[in-house]
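One structure is given below, encoded as structure tokens.
Chain naming follows the written order as A, B, C, D, E and F, and within any one chain the residues start at number 1.
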């Protein structure tokens, strides 16, 4: 090695920056997301690993995401992506943990709130069609695959968004006549960002669509207690019902319900503990890094990313509104009135959307406790979004095939 | 996509059921096992994940166990089977945790009880030969590979059963001139079911073979204390002795003894904790699901499954009886008499078989505490069954090769 | 199978010993390391799994490390090596946990101690050149790849040693014109052994190079408090600075700093917990076994292993001395004097090297508390060694290519 | 004019090409909203059904306990898990309030949220029992060993 | 009659074909029971051997402590781990009873079984010490920082 | 003599061949020590820079709090994490002593080192909140269910 070669070696990092200065821009984006997570304490569990994953993917030479070969192993984050993201394993393990942590009893004690989980799913499809229109107008390069990934942001469910976006990208890459953009990172970041912003996005829209009297509606707690039998049967029935109607949704729903069964059965506390803690937390670290690492500057810094963020916000907004409107519609046909605000909790974003409703209710009437009523549509929204994801996985391939 | 195509999409789950209604029968079986685990609280740690694995493997379209390809990832449970079951990794990690949780000191303080671990292993071979006879009679399609997997049920040790059944299946699939049945799921379910039934299976057989006076025999606790040195040396010596005599048993015995060494050494509590808790519990969830997922209806609902359950019960029964008989034989040649019932604890099924002995002893004499004496053959049975497994792995290939 | 065949089967373990009696010698070595870990309680966390890994790799027939095929799965420890060691995943996960457990604040409150982390790195290169000289003399078969792996022992950092030794071996195996020895196990064992011996190796050398007056120097604690902002910015800045200057060091430094950020940010205690406990402990067990299993007798019992141990000790000794000398040099040019002993803490071996300094300081002056000053070079040494590792990975291939 | 015709056709084709994915999207949306609604309706009906069964079981139990001596009522499903006992209206409301208050307080506090002792509770299962057994044995023998120091 | 001969041969072959795996099975069984017995006998002998060594060490220690001033006896193997001290007959029996009772009670109870505080105990090792160090430092400095509020 | 020349050349080549890797090694060492020094110097400067910023912020805060009513000072960076508050010289020293003592004592003891309660503290995040929520709900409703036994 000549002296020149040695000097090259020293400057190689600077050369990499000069070759692709977008990586420095990505450091700024990573820092901004980290700031939201650490200083603002919004969604830190995912934003800390995701932002560090972005940083790692944009370091000179990209050691974390290199392809490997010639005595060099594959970059650790690329390996994690291959074994955990592209196989669906990480999102499904998160769903297992989420199922363990989810309490369906408010929903079971008032089945009507289950129906409200459907309304907010319309946001997914408004954004999906919006993406297709922007694509048709030629503003952005969005086809049906990208539109599906963007729409699911409106489901306000991180693992499901990652699940669908990865699946759509894989699908496009497997089809020779289709070109697909890699928007896994952008959609995931959009989903988590807007989840963090739920307390800002939702209230004005809810106010717009409800009268003060509607917001003051009190809801009585059902005298109907939930038996242990029902708590245990619910995850099993849900797994079967969803899987028969929408087989493609079965992995997401199945893992969610398995986690819940492990918890409510009460006979395997060891398994509940590991599913909810060690296994889920380890997965969160590695999943977050892997998702962040899907965003090298060359992929993320595209005009389409802007479109994804605009449409993601549109998805959250329309989901909130259709949720409220479904609740109002229900009040038209039903004797027992629900507070229409709880429809907005159907966007999932558990439990923040439910808390927004609780806070708005108490602002009008300090003695109005809506939280547990809002938890009904809130967790129903998780089931609803997983069902929607199953439909996308089933129908989209047959449309683009 | 035509409207018809869309309708197809909606009905696809129902069509799958119509095509193969056995999957619905498997839901019933899964529900029954879940009932045993949750309502009867028998072996819930394994029965909850196994039964959900059965359900998952029998949902329409089989998303959990599909082969993957064309933009669709491999089903998560099939991936788990490939990386954890077929590689032996999951059963071996369970053995690590079991070793951490096993206390050999009752056995070390009375080495004679170690010998009693041999008697019950005869049940393995009675069932093995029984399976071969049924195969020779043409009643069931059992060859030597299946017979080995069925026999090991009599070892009353879940991970070892899964280990052997997987190994025998792999072996058969690797040999072109051999056809092998996939009975991993059936043998595992049989093993765990009969372990749950030990308090029902064993007492009448023990009573049949012992007199009241024999059951009243009291055993004195040895004045021989067990030093920390012995506790630490035992797992090392056992690893070496078993591995030299039966090299094929070394993975099972080695991991079991590693776990035990980690615990008794007392210097690495962090490692003992993770081996016994987070790592083992996570493995239990995933192993249970993977084993359950070996049972699609088309594989499980065969006449041979009935044969497996009959022979499994025969294995447990003969193991119990040979265990007792060995203890009685020992009493003939030895001055210090043992209570012959503790021979029945040699079937492993730790610690239930030992508790059965304790309960039966106290029924005859409320002041007779046999538990810790019975723990000797009980944990010796684990070593014995692992040795037997090693012999099967070593000898069976040379016989069928 | 004839009766003869059966007898063969029984004697197969003894035959394996007769064929390669070195495996018995390895049992003795494993027992010795286990004794150090368990009875002497030195580095038990790694020495217990490593010594058992050595035992497992040297059992007859080598079931734990067999290549697999023909219905036999790959040995579990070989699988662990393939998926965790050769991919760098295990050492990097350990670094994540180490980062979570490392407290940089003593170093941040006195930036001068950061510089002292450089001095001890000279030990790496003294040993590297020493290995090359011994190779050139024909005493041992050491080329540049082996020399790099041996040198890094002087970094006194287990995971980094494993990382580099694995990388150098992979590199040599990928180049057809290069022959490389497998010294992963020997370097790892040397590193951990000498870390355990730090309290014996360092004091005489420190005494040799310092006067009593120097050893009595008291250091005042800086009035400069460390803000939370600085604690959080430091890992991010370090990741970027190191990665731009030495891109190949980015995986090690990045994971270390990610772990630290997860801890100091304070917003994701769940992730800090799992990184520092369940995930790290599980990795330690499996990494230790995998490293131990790189040492079948045929590989370890080579004259070169002796050379590795001699050079490893040389590396520790020169690192200690250059560390002290750098501190003395710094005292020549700076007004505020540091106690030169803290330079010796730059060899990492956290926190033992720092404790050695503390103890030696108190021997001269019982009221002299040097520990937290010594922690500065101590953790800076970790960063320094990771940087050195990056340089080795970057420069060595271009020199041997 | 042949050229114009062809052009117009092409333009139509172009527009169709652009409209087609939107039509696809509408189709996906229709199926998606439809299936989601069907799923949630069926689930709601199932839940309602389970509630009926629960109510029926309670009524039958109440009748039975009214016939026999007035013992403390033990519903089938709550024998083992007192925490899962039926909640009355007031209880439910009180719980909601408690949660709301705890949520309101959480903004500033970082109270520990886990109940590890709860998680580790043992069951009847063989592995769990095995573990428990080993531990209680160790504890028992340890306790004894320690107290035995005096008279050894 | 050639046919009959051939037939009979065939039948014999058929029967052999059916019997052969059973013979294999008997062979496996023989080796299996034999090897298992050998393994367990050797292990039992090893355990007996270790017990002899233990007894010898205890006797030698007792002699030594009888010769020197009567200090509190500390056997080699129990210096660090008081829980592992030799158990006497009575202790062993008491432990057995304790376990039996705890088992009897377990049917209805779900007592916590883990001793987390125990698991996390630190050792002398570098990593562990590293961890401990960081934590105790943080705790120490935290404690100081909090008390320092007053005089800052 | 041609042969001698060639021989000597060969010998030189041999020696070069043996020396070459050592030259490589020196080159690696030079780059290694150089880059490590550069890295650590830049990091030290960065840390010094951050300290300056910290000092500046503190000064500005002190000025501001001197201008307004004398309220309890709350520096920006320590609002949420009291444990991370600036440590004074004395505090730092006291901490060091505490650690030294704890280290000295550790040789013989095996004190628990983790603060699990600390680890599980919740944050504002949605998942964490989700978890917390579920648990506090369960606890709340459980508590209520249990107390409700009386008047049910």
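What we mean here is this: contacts are C-beta pairs under 8 Å (C-beta built on N, C-alpha and C of every residue); 3 or more make two chains touch, one makes a residue touch a chain.
It should be emphasised that the depicted structure is a prediction, and the values quoted were computed from it without experimental measurement.
Q: Hey, how far apart are chain C and chain D in touch steps, shortest way?
A: Each step joins two touching chains, and the minimum needed here is 2.
Q: If you tally the C-beta contacts, which comes out ahead, B-E or B-D?
A: B-E
Q: Using residue numbers, check each pair in C-F, B-D or B-E against C-E and return the one sharing over half of the contact pairs.
A: Of the listed options, the interface copy of C-E is B-D.
Q: Please indicate which chain is farthest from chain D, where distance is taken between mean Cα coordinates of the chains.
A: Following the centroid criterion, the farthest chain would be C.
Q: Of all chains present, which has the mean Cα position farthest from that of chain F?
A: When every chain centre is compared against chain F, the largest gap points to B.
Q: Taking the mean of the C-alpha atoms as each chain's centre, how many Å separate chain A from chain B?
A: The separation of the two C-alpha centroids amounts to 40 Å.
Q: Where the centres are mean C-alpha positions, what is the separation of chain A from chain F, in Å?
A: Those two chain centres are 31 Å apart.
Q: At least two partner chains per residue is the criterion; list those residues in chain A.
A: Within chain A, residues 1, 6, 9-10, 41, 44-45, 245-246, 267-268, 270, 273, 277-278, 284, 355, 372, 395, 399 contact more than one other chain.
Q: Residues of chain D that contact two or more other chains, please.
A: Residues 24, 27, 31, 35, 80, 84-88, 92, 95, 99, 103, 114, 116, 118, 120-121, 123-125, 128-129, 131, 133, 137-138, 141 of chain D each touch two or more of the other chains.
Q: Contact residues on chain A for chain C in the complex?
A: Its residues touching chain C are 1, 5-6, 9-10, 12-14, 16-17, 27, 31, 34, 37-38, 41, 44-45, 48-49, 52, 55-56, 59-61, 63-64, 70-76, 79, 277-278, 281-282, 284-285, 289.
Q: Flag every residue of chain F that touches chain C in the complex, lowest number first.
A: 18-19, 21-22, 24-29, 31-33, 35-48, 50-51, 53-55, 57, 75-78, 80-81, 84-89, 92-93, 95-97, 99-100, 103, 114, 116, 118-121, 123, 125, 128
Q: Applying the document's contact rule, which stretches of chain B touch chain C when the two form their complex?
A: Per the stated touch rule, the residues are 86-89, 92, 96, 167, 170-175, 232, 236, 239-240, 243-248, 250-251, 254-255, 258, 261-262, 265, 267-268, 270-271, 273-275, 278-279, 394-395, 397-399.
Q: Within the complex, which stretch of chain B touches chain D?
A: 1, 6, 9-10, 41-46, 98, 101-103, 105-106, 195-196, 276, 284, 349-352, 372
Q: Okay, in this complex, where on chain E does chain C touch?
A: 24, 27, 31, 34-35, 80, 123-131, 133-134, 137-138, 141
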